[in-house]
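One structure follows; several queries about it will come next.
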Amino acid sequence: MTTPTHSSRPSDRPLGVAAIGYAFMGKAHSNAWRNVASFFDVPAFEQKVLVGRDATQVADAAAKYGWAESATDWRSILERDDIDIVDICAPGWMHAEIAIAALEAGKHVLVEKPLANTIAEAEAMTVAAAAARGKGVQSMIGFNYRRVPALALAKELIAEGRLGTIRHIRAAYLQDWLADAESPMTWRLRKETAGSGALGDIASHAIDQVLYLLGDAVTEVTGRLHTFVSSRPGPDGPEDVTVDDAAWATLTLASGAIASVEVSRMATGQKNSLKLEIYGDKGSLLFDLEALNELGFLDATLPVREQGFRRILVNEPEHPYLEAWWPQGHIIGWEHTFTHQIRDFLTSISAGEAPSPSFEEGLNVQHILAAVEESAAAKSSLIQLNATTQTSIEGA
Amino acid sequence: MTTPTHSSRPSDRPLGVAAIGYAFMGKAHSNAWRNVASFFDVPAFEQKVLVGRDATQVADAAAKYGWAESATDWRSILERDDIDIVDICAPGWMHAEIAIAALEAGKHVLVEKPLANTIAEAEAMTVAAAAARGKGVQSMIGFNYRRVPALALAKELIAEGRLGTIRHIRAAYLQDWLADAESPMTWRLRKETAGSGALGDIASHAIDQVLYLLGDAVTEVTGRLHTFVSSRPGPDGPEDVTVDDAAWATLTLASGAIASVEVSRMATGQKNSLKLEIYGDKGSLLFDLEALNELGFLDATLPVREQGFRRILVNEPEHPYLEAWWPQGHIIGWEHTFTHQIRDFLTSISAGEAPSPSFEEGLNVQHILAAVEESAAAKSSLIQLNATTQTSIEGA
Amino acid sequence: MTTPTHSSRPSDRPLGVAAIGYAFMGKAHSNAWRNVASFFDVPAFEQKVLVGRDATQVADAAAKYGWAESATDWRSILERDDIDIVDICAPGWMHAEIAIAALEAGKHVLVEKPLANTIAEAEAMTVAAAAARGKGVQSMIGFNYRRVPALALAKELIAEGRLGTIRHIRAAYLQDWLADAESPMTWRLRKETAGSGALGDIASHAIDQVLYLLGDAVTEVTGRLHTFVSSRPGPDGPEDVTVDDAAWATLTLASGAIASVEVSRMATGQKNSLKLEIYGDKGSLLFDLEALNELGFLDATLPVREQGFRRILVNEPEHPYLEAWWPQGHIIGWEHTFTHQIRDFLTSISAGEAPSPSFEEGLNVQHILAAVEESAAAKSSLIQLNATTQTSIEGA
Amino acid sequence: MTTPTHSSRPSDRPLGVAAIGYAFMGKAHSNAWRNVASFFDVPAFEQKVLVGRDATQVADAAAKYGWAESATDWRSILERDDIDIVDICAPGWMHAEIAIAALEAGKHVLVEKPLANTIAEAEAMTVAAAAARGKGVQSMIGFNYRRVPALALAKELIAEGRLGTIRHIRAAYLQDWLADAESPMTWRLRKETAGSGALGDIASHAIDQVLYLLGDAVTEVTGRLHTFVSSRPGPDGPEDVTVDDAAWATLTLASGAIASVEVSRMATGQKNSLKLEIYGDKGSLLFDLEALNELGFLDATLPVREQGFRRILVNEPEHPYLEAWWPQGHIIGWEHTFTHQIRDFLTSISAGEAPSPSFEEGLNVQHILAAVEESAAAKSSLIQLNATTQTSIEGA
């Protein structure tokens, strides 16, 4: 089979996009594709095909979400010359197969997190991504919270040294959708189908933020996992919950900073609260995803008399991504992070540059998650990681 | 000329939509049209034409914002049989002429607030709207903040009696884009072009909310207006600012409640802060547009020991409009209020019902604004308004 | 009768203090006298006599609150050579008689706010205070919130020009103890005994803060008063409430700034919330008495990208009054403002300087309250005040 | 030697109190003794003697803080018949010797936390306390935060089942007084003198709260300790810091709940922030010591539509300890927790009941701290604790 390459596209043809999946993430990604060009200068593209298993449902979803066509076989789109980009919103266990095939077919690939359900699959994907990258075919993993303007601003402030030496980070991701012990069994609560529980689902975001914001690598990990409700009602009676409801970890970073990570699906009253606190010797930052337009910043270089955490409403044209939207004080929502992600992905493709976060960065997060599990299994003992093999966050 | 009527449209043809204007409001409305059907069940429609004065710019805007065509003459669209809805985002001084002509041409009309720059124009519009309504042609004014889910929830709670007898309301709308005295002269600061300053622009929203939330009418008004920076740099030297930078008012409501209203474009650090505080004998509500996903609610019927203002994250499927969007805790932005507005407008058209807020409701707000100006001119003396002539908020 | 003077006291004898009243304010003042010397370097003094009408109760209170003796006749203490200071916590209608007699007897006088129930009495008190001041006998009115560290810091920041030109102020004092319509009639709700309602009781604090923080004078006033519950249960059936439950005012300041003032005893859920918002062209301040250890400050001279309201925890040794208390972050309470007040009063006496706020400053506030009532009676019309006759806040 | 017993005191003689130490804690305890009887009904007592090493300084402190006499030898006060209570605010290494001697001398003892610097000393103290208790001689450890009204309310709500089954707790105590790497070496940073760093000083409070609020015992511990700045300037050059700057732990409770604990002296911008988050299946609680008058409470049994964290201003007569202070909304400060502690201590003595927290409860916390250290030394491995030997928090 001849591998078609991206360069075969005539420069004046819009990029053809196909997306796979139309559930929660597919809806969010579709929304981003539908709107990105209304706000940002991006290379021309077309929402060509939405792929799903059920022909009727995917046709309906395609019509609703702005896709020209629908299809039921993801392999079919890899053979089409008019498809340049494949956006994978399918379940985690399908990621590796689709992504590797798409990359080999010369398609740029965006894949939702987690990169894959197993380290082996994730590693195979990074091999494919590296090979494709050599041919100008790009790939990216969808840690969309990197595109929250407040967090992008946080990264800028840290990179500029405004926090000085960072000592420790408190990262938590708290939800409560499993707080009710009578809430029924689902595939998300079985290890076979979901891989892990809160750890893979939301600790992955929290850990990615630590790596992203600090541009650092992890050298040591301790972890604990716990399932508070170990049996839930299934259709035929009680079933065992085989993933964690909550997880705790500490991460030592190569810089010497220490991060605590705590995630839960049982934190009654916390709906989607990714909380970050970053403490440096010159300043500190606070963030909560439930108020994602805001960043707390304390500048410890000011006179003590006037120090305090500022609530920066990250909504000015001076802030990352914001010039494209509305006047100051007109806040944006959660979904906008996906629009920013698509914008950055398209811009990288257009510039022939590797977008970040790369598959390698996704794999890196998965190694850390695996170390948390390993530690939890070994009575929380410290697990060593090799920082030097970790991909630099900054690309390179 | 024969007046085409809405009923001439074959029931299987999608509604044809034209929008006039592509600046700030045109961009926000276009976004709503582009997305509403991806989230809500609405009657079929097509984004047909975007109208603007500059042919090139409007063509670019049409392409960017999802309109099939563009045009430079708004009258041309009134003659088209395939246009059923006209969405007027042009400047206020053009509202009356376009809206009246469109209604007479049998087009449903959505017009941005303020209804018009003068009471006389606004009155003419309500006459046209009433006449059209009799023929099944609908009209609506764009007080979009009625579609903030938290405020829709506030209205529900008040209507259910959860606040008991409402005593007083504090309404403020604070911005700071004129805080810099060196910020240049614009058409918005001249009475001839803008009608008024903060009063018409943002007090109108605050007053509409008081009327909407309480379902009440105003019987007395006091007012003050002030211009803090009376001269600003123009292209040829200093020019006089002839509108208010800030305004203060008290409103007596027919129910006996009293509302204070305070608006400013000089409130340094407040970006787009519509703040509402509503105090009843059984409970109270707090709201701030800069955190529009939240509603503060105090239930004074609970034991004193456990009373306190709750921060309700208005982001659950149980909350108005929210089921259409994302899972709990995934917050929405300012622009979504326009999407909800279009949804409700389309739903009303489809049901053959008069949408709210009506032109009469828009006129009502303008009478109150005029009374504020009248009071301000008369040393802030109380001005009487006739509550019985005020259109019921609830429709009628 | 020979007027004894303060200078007759041997320099090595501690100042003798008498307090009149042991209800709410008497308890708060006693607490301050009992503790001030444990935290601050103040001239030596002794808590000699507590005065009250009921012999048994005042004896008990004296024992409880740290006074050596008790007495039932306030005139008796004016004759005692060992009493140098009289702290008047009696009801407002007694202020004038006691304060004037005490000053004429050569006693330094601290009087709770309001200065008096009538302008005539208040004027007589200022005459007596001025005469006494000439003989080294000092007097002060108890606007204790000037001694909230966060507000003292606010005043410093304003005086240093950190807010630039102040445009407008929002001052509100919201309580809810009358929200229940069945709450019984009391002397506080009768004009004869209380003078006025929320206006005199809490608007006085709000207005004093405006004057204090800005060091400015009022030139124009508009006002409204309202009684939401006009009849309340008395022992023998319903009685008329003859004072205001809530009040609204705007104040024009000599500098050109405008302050809105809103006070209520019906603001359900607001317990003791004196809220201040001060907007200048270089910065802004926020304050709420329910969180009195905090000051919100926005510095608009910083880059826009990093502007935001800071929550300064006013609890550092660098902050006013705080060095005397506990390490950083160990917050103080409401009562500490009285301790600071006594400290400043004693320090002024010791230095032979006139303490602030003077009786003239208290009279000034009452003139403004009277103008609010006058405006309210005249349909809220603007009332002119003569700024040049107003006592400078800064003393002089 | 004959052991004098408390019962030898004539019932009409006030309790005689001696305090040892006049630094930070001595100042706070003295303040409580000076004021408790002004607010609460407590048995009669007298502030007799303040003990300190430096004769001049302790005499000054005694005068300033309201003690009748001063002394330099703590043993001398044990021989005095007129001393019934010994309040030990001396450094931790002196606790055991003084407390045991005082108990043996028949004096009731209040000792500041930590109980002692070593487990052995702490154990000896509990033996002495148990023996004394049998003779009616009481003892208590000063975990004063149990007397924060908001936390006492939290305990009530939990005990009433308002949180349902508690799943997990997030406890953090964050300060920043060591954030500056140039801040000099002190005795607090040497293991020999301080025992431990943030762990003993502030994690002890956090862990005590977990035990107190839940009335539970700890069965498993993991821990990490870290020193971010390992060398600090001493008078003769750099010196090694030999205690932790920060600590992390997870605690498994007998009920199955899991608590995370994180403490730091390097959390720039956090001044004295003991943060608690408690998540149950029926409700949740939030607390921050920097705003100690407030408790966040979410009642998950309410309809989802109106759920949200309430900010309860714990300042009503209905709330623990508050009836004694000021009207609603007049907030109290940090120091009031000590006043409440003395009140409860005196009340227990008067009733002949064992006050809580007992020395056994203090020892219990120290066993947990020791397990954190043990885990930290063993690569954070889980350490088992025997819950059945842990003293019930409720007294027993």
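Per-chain numbering from 1; labels A, B, C and D assigned in written order.
One rule holds in what follows: contacts are C-beta pairs under 8 Å (C-beta built on N, C-alpha and C of every residue); 3 or more make two chains touch, one makes a residue touch a chain.
The chain list, named the UniProt way, goes like this: A, B, C, D = Gfo/Idh/MocA family oxidoreductase.
All of these numbers come straight from a predicted model, not from anything done at the bench.
Between the interfaces A-D and C-D, more contacting C-beta pairs are found at A-D.
Taking the mean of C-alpha positions as each chain's centre, the chain lying farthest from the centre of chain D is B. A separation of 56 Å divides the Cα centre of chain B from that of chain D. Chain A and chain D have CA centres that are 43 Å apart.
In whole angstrom, the spacing between the mean C-alpha positions of chain C and chain D is 37. The set of chain A residues touching two or more other chains comprises 270, 298, 307-309, 313.
Residues 153, 157, 295, 297-299, 303-313, 316, 318-319 of chain C are the ones touching chain A in the complex. Of all residues in chain D, only 24, 28, 30-31, 34-35, 37-38, 64-66, 175, 177, 270-273, 289-293, 313, 315, 325-336 touch chain C in the complex they form. Touching chain A in their complex are the following residues of chain D: 165, 167-168, 170, 172, 176, 179-181, 222, 224, 226, 228, 245-246, 248, 250, 256, 258, 260, 262, 264, 266-270, 277, 279-284, 298, 300, 307-309, 375, 378-382.
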